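In the part that follows, the structures are each spelled out as structure tokens.
The two complexes that follow have chain A in common; it is paired with chain B in the first and with chain C in the second.
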Partner chain A sequence: MLSTTTSPGKGSPPPPAKSRAKVAVGRLDLGHVSLVAVLAILTLVGGLTKPSEFLSTDNLQLILTQASVIGVVTVGVTFVIIGGGIDLSVGAIVALCSVWATTVATQEYGLLGILGCAVLVGVGCGLINGMLIAYGPMVPFIATLAMLASARGLAEQMSDGKTQIVTVNSVLDLGLPDAYVLGVPPLVMIFAAVSIIGWLVLNRTTFGRRTVAIGGNPEASRLAGIAVKRQRLMLYLLSGLCCGIAAFMLIVLTGSGQNSNGNLYELDAIAAAIIGGTLLSGGRGTITGSVLGVLVFTTITNLFALNNLESAVQQIAKGAIIVAAVLIQKGRKTP
Partner chain B sequence: MRKIARTPSSPLLSSRRGLIFGTAAAGALLATGCTSNESNDESDSENKQAADTDDKKPGKKVTIGFAGPQADHGWLNAINDQGKQRAEEYEDVTLVNTEGSNDTAQQIGQIETLINKKVDVLVILPADGKALTRVGLKAMRAGIPVINLDRVFNSPQAYRCYVGGDNYGMGLNAGHYIGEQLKDKKNAKVVELAGTDSLELTGQRTKGFDDALKNYSNIKKVARQSAEFTVESGQSKMAELLQAESSFDALWNHDDDQGVGAERAIKQAGRDEFIMVGGAGSKHVMDAIKADNTVLKATVLYPPTMAASAIDLARALGQGKGVSGLASLEIPASLTLYSAVVTKDNVDEYLPSGFS
Partner chain C sequence: MAPLLTMSGITKSFPGVRALDGVDLEVEPGEVHCLLGQNGAGKSTLIKVLSGAHQPDEGEITWQGSTVRLTDPVAAMRLGIATIYQELDLVEHLSVTENVYLGHEIATRGFVRPREARNRTAKLLARLGHAEIDPGALVGSLPAAGQQIVSMARALSHEVRLIVMDEPSAALDPDEVDNLFRIVEDLTSEGVAVVYISHRLEEIRRIGDRVSVLKDGRVAASGLPASTTDTRKVVSLMTGRDIEYVFPERRPQPAADADPVPAAASPTPLLRAEGLTREGEFAPFDLELHAGEIVGLAGLVGSGRSEILETLYGARRPTAGSIFINGEPLRLGSVPAAVRAGIGLAPEERKAQALLMLESVTRNVSVSSLSRFSTGGWLDRSTERSAALAGTRDLSLSPDDPDRPVRTLSGGNQQKVVLARWLLRKCRVLLLDEPTRGVDVGARAELYAVIRRLADEGVAVLMVSSEVPEVLGLADRVLVIREGRIVHTAPAPELDEHRVLDLVMEGNPTC
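Up next is the complex of A and B:
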């Protein structure tokens, strides 16, 4: 089956096709194209190994739902990285938000109380990060590392290490199939909305352009009259906001709050942003790339689970993909 | 046992203490090769009377150092609580607690501090048994006997007594329970939601489960995924398992904490054609078993009461006594607790030990 499809087209086209693609694609990022190709390959593998389970509406809903929580976090982290910073505290902030928003006292205020609390706590943590980094003497790595430790510690203390089960039905119902609109789960809608808003903000507003500018060259940006410090603060606030939203989504998804939530989100989000083409040194990156990056990782996890493979194999594949993606991006710059 | 005062049991005796001690004694019997699956009520209550009257008397003062990992999980949290409460029940016991840590180096430091404080007995639940063996040895050489809780040290020289749960037995009992439930079903399919694969205990649980299922030729384990003992991972791995297997007959989930997420995934998928068996024994799961309106029909214990038993043993060690109810003059060298299966029939007995 493979030979019949590949042999006819195997002759001469590849080199010209490649260069033509480069020209024709133009503004479309090569990195994005390669990620879409990876997704296509994964879908093909899924379709061949587990046709009925993988290629189904249920599974598409599942993949998108699983991607949605980490996806929202990644959008925030992408902004921070483009702006020349790093946020290591996202996982811990998600944990703290999810715990704070599910305490018995908060649950009394219903859905809006839980949502509001998660968002407020997220923004509050982002504010502390931002103040320490923009106006204080700390580098992002250290300040957010400190937040990572403290936020998770506070989450643990607040929950007493226990799993807090949500009893508010309006919140729980959001995660059940009855709440799907035209087959789209509410969580996926939130993810889509955050991604689109993120894309618009980055590409169509001065806020976005300033972000790229301070990430690329903070000194030049300052001389050009950009309030670099305020911009930095705003980026960490944004990341905190995304964590708050993600925590609410996680509460809906799991019906509970737990201090171990959001474990290693920081690494997953950074990895997704990087394979999506965001420069770790700042100044360049796209929301589309990050979203594709998240989808690639989620699809791999899904594919491996459906084929009943161990999580160890999955981790190996994840590492290989990160290396491959970075190599592709390096290859694009040098020749 | 030095002396057993056979006075009628005082009304003040807390029945829970007796229950816990009963468990310890039963576990000790098991460890010494005497196996009984039924909880022997009569002998337990006899032990209880003897033990309580004997144990109530304050003896020599004992300072016990307690070092555990970070209580970031329901079960570990219950371990700390059980240890503390048990120590408070004894007038002659002073408990010196360290703040828990998952960091090996930090926990070694904390234990070394306890050694320097010259506590009488150490109870250690290591974050990693192998990595903390060295500090166990150090304590023993300094003349401080060590009770090694749950995660065993590399060398028997590093502890005086090991107290732990039975991970292999947990899998075995889960497998047997599921086997009995499905024994009349042709081509029955079973799914396993395991805990963190990088931990040795997960492998032991799975081995026990597989070994038990081998007794039932009509049952096949069709899928296994490992979550990470968190609600979040439980939800996502279970959602994928449900997607991968359109229909199956039984599910064993290693851990009730991650089970909260698994139950959520099951609800989200709208599935109920199978029975679900949990692991560890949380209060939430026991409530669900009692209510009997979900797929949850049973859970296999990994009793946190082992921490209370460890305090009992540490006290006995500090006072140079044996275990009441056993003929031996010293406390045993190892004590493995039984992983009972909690079902609707016996859930009331176990509910008080369920952790949240």
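Up next is the complex of A and C:
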């Protein structure tokens, strides 16, 4: 039936095992290694300048706890960016969630009421973002910029600009050293859980695969039969969910809810994702990189505070790290 | 005559590949020098060296008698070497004039002089026979052929001595190709040399003076006379084979001869469209696709052929009409519904519309079948990988490496990845839009064999192609479309190339 054409070299068996190993080595990429190196250097600097304070258990617990809140937000933002979007509203959503979940009415329902409210408000904001972007369709930058403005405004109106003190003991107890398991604060465990689940979802599920696909080439994804709009919507829902969880963590940490919470989280989260190797144009990124990025930024903040340096210097250092990380990634891509 | 350009011993290596291995090329003023070779033979690298985009590792370039170094595209441009790339490099949001003078704006002390630039652009466009293009129009609003004219005007806005054209006819209709050739003739009569790259051998015989053939980074033959060199010889130089197009045999159709009432015997068509319309794109038409059949859709670019495929596939919503798969009505305007019903599309623009260029072969193949390899959203990656590998091996993808990034594959192999995607999805209706665009001659025969085999295995294929011999050689039945209307339907063996071309261009079935 067929006039088959044979061409030379087609019959040679492939070396799948070898190339797989190469991919595995490739995964351990220069970006991650250099972030770990930066962390090591920062630890060294901390150990040398403030040996007793920096390396104390208390301080390490503090660094990790501070990393946890922004870390959970960053995991959500990383998904959005890999999927080809951007979420500028995360800080404002965290503020709204923290205020809504600490109103007198909500506090009556205890811990679950506060947690449930924070998560629901977060998911609700994500739903609005997602609907506007996927079905509006609006540019993500503009839709989430609008959410940034209105969510923070609503938070201020709801709280009347005042700090709302939490009186539910079961919530406050979560932040106390008594709640630590083997020295690990519960908030850090939440961060670890969110990161691990995020990693699994991105690397081991159809959801993760589709996220990467729509970020890399939305048109090809659509023509491959992926429901691109639905996937986009889901990504902003996910980001909103992470904001809700982070807001709850912030409530535990500060024992209060206020409309100034989560200020500039959007920039910190995007910056952490970027230095972790996530392409701002979408289609490529890792949870590991984002977590490392968060740890680097939090450690710097801590180090500068311990050494009584002004926050201005700290901001300059952060900027320099963003530039350096992106330059390293560029160098890696063009061999 | 002294040569305008001499390249000698040009060698260029990339990590793992020696793209050019001691290539010599000599171009004389006023000649059309055609460069032939399969994908990966080194043509693109050679013209990038010539345009200053790549630096050769070894070798010498002599321009009008003196040795030169082309350190960057500006250096090449200053000498009078202009390159028109296959993928046009225009800025869509700028006007024609702004594009033509991009990078060398006409300005006095930093202030641009728009009127002067506009006048000069109008003159260039007139010289190219396209005075109707408005110099103030946005380039994005022009059709592909118009954009190519702009690209050429940009080349001519410099004092140009040599123009390199990389597959200039790939996106053009026959009458536009005629105009392109007229421009090339005008240029050469003024002494400008043209290096012309094309996969279409008949064009080269029409327009070319001399032919050089590249194979595996070396020169297989140089300076052959274009008009008298036998096609067979050229093809064999390129491929080591003596074939131009090898079409697989059609399946003999005993049913039609043996059965006096074939209509009664034929089962429900796999796909049936009734009165399908999209206003402004194509007029109502009916279509039946049966299992095992390849139907060709012949028509010009812009005749509505791609729109028909995309509407059948749900990527566009018809304004009227209905589609039935196996007799069941299909939800219109939904790609996921079409994919679930067993329809697959290999779109025209492979890189932009089909492939995830950053991803591996495996992930590109499995992307439409992810739910098959997952339980509750959880992927079974080893099953996914082995299924994708089985699919690509079945199509003899080369290189046979499922983890290779798909962007490193040749055009023909990228198309195989797209086909493997739909085979893995077990799709029953395959829509192919220009399946062999950018695919070299050798790989085409392989693709033809694959498409025919799929049909023999019971897939219904609807194929769009600008290349009439391809439609006639591969399809069982041919629909001719002109300006959104299907003007003729006939079994392929009853048609010949002239007839189809007449129908495509004139809509006149008598001749």
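Methods note: the second predicted complex is superposed on the first by the 310 of 335 C-alpha atoms of A that agree within 3 Å, B and C clash if a C-alpha of one lies under 4 Å from a C-alpha of the other, contacts with A are read in each partner's own complex, and residues count from 1 in each chain.
Going forward, a contact is a pair of C-beta atoms (placed from the backbone, for glycine too) under 8 Å apart; a residue touches a chain by one contact, two chains touch by 3 or more.
Please read all numbers here as calculations on a predicted model, not as lab measurements.
In the superposed model, A:E53 makes contact with chain B only, not with chain C. Contact with neither chain B nor chain C is seen for A:S150 once the two complexes are overlaid on the shared chain.
Shared-chain residue A:G175: touches chain B; no touch with chain C. Contact with chain B, but none with chain C, is seen for A:A312 once the two complexes are overlaid on the shared chain. Once the two complexes are overlaid on the shared chain, A:T206 sits against chain C while remaining clear of chain B.
Once chain A of one complex is fitted onto chain A of the other, the partner contacts of A:N259 are limited to chain B, with no touch recorded for chain C. Looking at chain A, you'll find no residue that touches chain B in one structure and chain C in the other. Interface residues of chain A, counted against chain B in their complex, comprise 50, 52-53, 58-59, 62, 65-66, 156, 160-163, 165, 175-177, 250, 253-256, 258-263, 301-302, 305-308, 310-312.
Partner chain A is touched in their complex by these residues of chain C: 15, 241, 246-249, 251, 313, 315, 335-336, 338-340, 345, 347, 352-359, 363, 367-368, 370-371, 374, 377-379, 381, 389, 396, 398-404, 421, 425, 442, 445-446, 449, 452-453, 456. Residues 1-5, 7, 9-10, 12-16, 19-20, 22-23, 204-207, 209-210, 212-213, 216-217, 219-227, 283-284, 335 of chain A are the ones that touch chain C when the two sit in their complex. Within the complex formed with chain A, the residues of chain B that make contact are 70-74, 76-77, 197, 222-226, 228-237, 239-241, 243-244, 246, 257, 260-261, 263-264, 267-270, 282, 284, 356.
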